[in-house]
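For reference, the structures are reproduced in the following blocks.
Two complexes follow with chain A in common, the first pairing it with chain B and the second with chain C.
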Partner chain A sequence: MTDIVEDTIDIHPVSFAPEVLARISPELSLQRHLSLGFRPSLKGFEEFREVELNEDHLSRYGVEHKDNSIIGSNVLKCGKTFVVTTITGGIIEDSTIYKNEENELISLDDTKKTDLTNYTSVFPVVEVERGRAGACTDEEMTLSQKIYDSMLHSKLLPKSSLKIEPGIRITDDDGTMEIIYSDESKQHSAEENSFKTNRKWSYLLYAKIKVFSRTGPVFDLCWNSLMYALQSVKLPRAFIDERATDLKMTIRTRGRSATVKETYDILSDSSKQYPLNLNKENIAFASNYGTITLDSEAKLTEEADEEDIDMDAVETILLADLDTESEETSVNTTLSIISNDKGDLKHVSILGGDANISPDNLRKSILLAQQRAKDLKDKL
Partner chain B sequence: MEDLEIETGYLSQVDGSTHYKTSSTTVLCSITGPIEPKSRQELPTKLAFELIVRPAMGVPTTREVAIQDKLNSVLKQIVVGYLYPRQLCQITFQILEAGENVELFDVKEIISCVNAATLAFIDAAIALQSMAVGVVIAVTYGDELIIDPSNEIMQNSKSVHGLVLELVDGSQVVKNVLLLDSNGDFDESTLFKVLQVGEENILKLSKQFRKLVETKIQKSLNN
Partner chain C sequence: MNVQDRRRILGPAGAKPLVFANAEAKEDKTVKEETQLNKNLSISLQRGIISNANGSSIVETSGISLLTSVYGPRSTRSMSFEPRATLNIILQSNKFDTSNLKEISNFLISVLQCCVCLEKYPKSGIDLFINFNIEDEDELVQYIPIMIMSCMIALMDADIEVSDIIGGLTIDHTAVCLGQNGDQLLGLWKDPSSDEQDALVLNETIAKCQEQYSSSRQQLIEFISNC
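Up next is the complex of A and B:
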């Protein structure tokens, strides 16, 4: 019995390596870092990660000619995260959008420029690679939808930019084929007039956005990569074969009246293309911010007996460009801003959490978003 | 906001429900909870949420997932989650009338859902630490602010904003911004104007909500 009492027991304080503590208690790890004046990623509070671009090396119109169906692309690297955006296209027949209430065809220029229905968006699919296959996650769905909505509302892509003016491919007697576009040649006006249809076609743009090595929220990276990719998009010219232009099919089904439907096979010209016409003044870049309340108890003080810390004083700080797991889980008041270099805002979303968003912090983040947009714009 | 029609306790088989109708948007919100969760939903220290948004037409798409995401981040802030550890709260929203072009907007539905949920939480007697109340504001090309705009106004406006504030102290003090969803073309000063006008209208609306709750409680006390 006495042996036990006399035995001294050493209690060693358990200490963890910073990266281990970050996994066990991300909140504490973050607060410790912040109290020292920097973030777990060793960035300053309002410091952004550097962005590197690899412009359009993937598309068929890119730096190296390739034989694929990608019409615009971008690879963006930010910190450890890679975002690869590839844009492909499709053709649809428009049956509704160019008609007014009396079912008359109207030109797009007649409708008000301000109407949101005159604008469209790309159809994005965001994939965040996590090393496992399966159905898409909620994060991926939310990201895709947010990109679609933000682009539509920023009025960047007018529907008129995607309108197709199809050419006609004619075959001469000696078998040589030639494609005639009405706006390019005047001598073939006879052929051009012979082909008239009130059918309208337009392009659709699909964006496939792949994210590799995700370390934090990725909406801003995906958006910025899409902005660069869109600026590299070239649309191929499209044409109809002359044999198809006077195609008429009558469908009769035993007494029942059926609609007569002509089918046109629209083909894309592999040699002629034109750049996508964007509303350049509406190009804007995204950035994200978070606010967090400093926990005075988590402070690492030099002298342990320094007891005059005001426990009631709440200090809220603004962090720019959220990254790392500890920031993502602990900072639940977030701001996402899409702004151009002149400070015109296209989208602001605030999700409130524990920490308060003061007007000052909101102003500061808008200013930072403007500066960030300027930096990103100059990268092209 | 005069033509607001709200009925709480609309459904009989759930713990709390609201039928919420504005001039153009109608949603039905039901809350069941606290109930026993599936083991994968269970959170050891707080109440877990399961949110389902059903659109007015068709089946749920990514659009509804995005709405759920926004609603989830707002609603989990106002509930006193630590009172119900290892429990689940199931919240279902059925949009009856979107009141907006669903291909272009979702903000009117989101705001109606938030308002409906706040009242349904009270109906379900789930502890709240604050109230979440929201409005939709459109800014026209003439820089005019319109509260609860129609779909036509939204389509032709410069920017559209959805704002939800967290109210405490008898709904007289604004504690925080819970949600701001601004889209379109605007600048800093417009944003602050929207926040200011939004706050005034939200405080007005919350008075209406409190009155509604008061009458309801009074009625149940009398019975």
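Up next is the complex of A and C:
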């Protein structure tokens, strides 16, 4: 017979500091925090981060007069993250504008087509700084596209407010220059009549949104910053030099027929500008939410043995303004809402994950979105 | 749709950017010259603002605001053994040409290589990103001293060892980078647009910079010691 040697093995529980546990097991760390009634960022479940705004400091029409091409700007700081939005402009002839959109809308019925084609969007380029150079990431592409689409469908920016009515710059015999705008002076009707064209121009707005110190989902921050920046936009008056009004360019096609095309060089007036006309009632702000099922096993109770834990009971909670790495990786069920202060919804996206979104939570998030929009609107 | 870049929404290809008629440019210049004299007095320094970078800084003067972030030392993709860290500087500006920025970036790398202890970090790379947030100055040479200051603060914020606190100064369209308490000339940048200068004038410029260098160095040391 062989002797059975009985060795005793001591098992020591391993414990980690909270910040170490957050890196090793973000989900457990989140669940532990939630079971104690707050989030890893020490916020309450339905608490938002404070938003700080910087007045329009970057544009040429801002607090300090600058000589750059930025026509509207905003710096938004939310928690540790900050977003710098600068808006620049461009000019395009109306015949070529938005062909793509019209083509896309052909399948829709006529009423919708005429409705949406009266509105336009800005062209956003989102850059999230991550310490990498090169091509843009999937996140940046998705954010830009979502902002473009949401802006178009929120009907915030009517095409009519981007129309250009160019003036004419006249140089007198003594060399002094004067710019005449048809809607400002009526005495120069003779000069005005001398310049007639069927061609129409529009402004285009480009938004460059730079995100620094990203700690969580950033769509709502980018959108809100863009909303503030758009409200600060001023469009310059545009004019054509009188010498350029009768400028014609000969274009030959296949060497036989020659057509004459007028070319106009439109300049922007650096002294006269007007605020961009937005559909004020459609100014809406974005917020994001997530729902997560509480894991009853992760609960920290002092008298765990005595307490009878009901494993079947599922408790789902709503978290507002998702932030930090642990929330972003563990909360798979997310809601993104763009709403104005009256509760008119401009965009709602729900990504179903492992947790159920109950009607109660949905209702609550819509209500919170409205309140958040009200708070953000009052910040200006 | 823009054919060149399908990843970004850049708008219709036929559009032209806004061109502002600058009738008042001459008047503005005199105001600018006056503010230039007081530039050294009004400089604001901040560090540690970007949480997901190893180090960061914001340096602001009346017409320039630069945000610098340092990522590293982090491992490189290179398969071969590198005994020293590689320094990389990327400048991001809306106003200046990429080619000019690239040249400045190479210049800055050569200057910073003199003071960063690269041999302490083998097999690694240190990346610096300089974002031009406010760029009211028209000449790139005016940005060089601010860029160097911003890089130094960001590198120290990232706990990267440096052997010296270097500084730069711009006088008469010439940027001079100095180290070793002003005794060592690390780099000299002259804008191609500026007039030709003979050696004597250049020597005078360097001498002037050496005089002023200690005050800017002192400013940086005070900021670092107060952090």
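For this structure, a couple of remarks:
Just so we're on the same page, the second predicted complex is superposed on the first by the 342 of 380 C-alpha atoms of A that agree within 3 Å, B and C clash if a C-alpha of one lies under 4 Å from a C-alpha of the other, contacts with A are read in each partner's own complex, and residues count from 1 in each chain.
Throughout what follows, a residue touches a chain if its C-beta (ideal position, glycine included) is under 8 Å from a C-beta of that chain, and two chains touch if they have at least 3 such contacts.
Because the structure is a prediction, the values reported are computed rather than measured.
When both complexes are superposed on chain A, chain B and chain C sit side by side without a clash. In the superposed model, A:Leu28 lies in contact with neither chain B nor chain C.
In the overlay built on the shared chain, the residue A:Lys155 is in contact with chain B alone; chain C does not reach it.
The partner of chain A that touches more of its residues, comparing chain B with chain C, is C. Of the two partner chains placed by superposition, A:Leu53 touches none, neither chain B nor chain C.
Legend: residue contacts after superposition of the two complexes on their common chain; A:Met141 is shown touching both chain B and chain C.
Residue contacts after overlaying the shared chain place A:Leu345 against chain B, while chain C stays out of touching range. Contact with neither chain B nor chain C is seen for A:Ile317 once the two complexes are overlaid on the shared chain. Residue contacts after overlaying the shared chain place A:Glu93 against chain C, while chain B stays out of touching range. Note on the superposed arrangement: chain B and chain C approach each other to a least C-alpha distance of 5 Å. Taken together, the two structures place residues 141, 144-145 of chain A in contact with chain B in one case and with chain C in the other. Per the touch definition, chain C reaches chain A in the complex via residues 1, 7-12, 14-25, 28, 49-53, 67, 69, 71, 90, 94-95, 127, 129, 131, 133-136.
Across the complex, chain B meets chain A through its residues 62-63, 65-66, 68-70, 73-74, 77, 101, 104, 106, 141, 154-156, 158, 160, 164, 166, 175-188, 191-192. The touching residues of chain A, when paired with chain B in their complex, are 112, 114-117, 138, 141-142, 144-146, 149-150, 152-155, 282, 332-333, 343-353, 356-357, 359, 362-363, 366.
Contact residues of chain A toward chain C in the complex are 57-58, 60, 66-69, 71, 80, 82, 84, 86, 88-93, 96-98, 100, 123-125, 129-131, 133, 135-136, 141, 144-145, 148, 169, 177, 204, 206, 208, 210, 212-215, 236, 239, 266-271.
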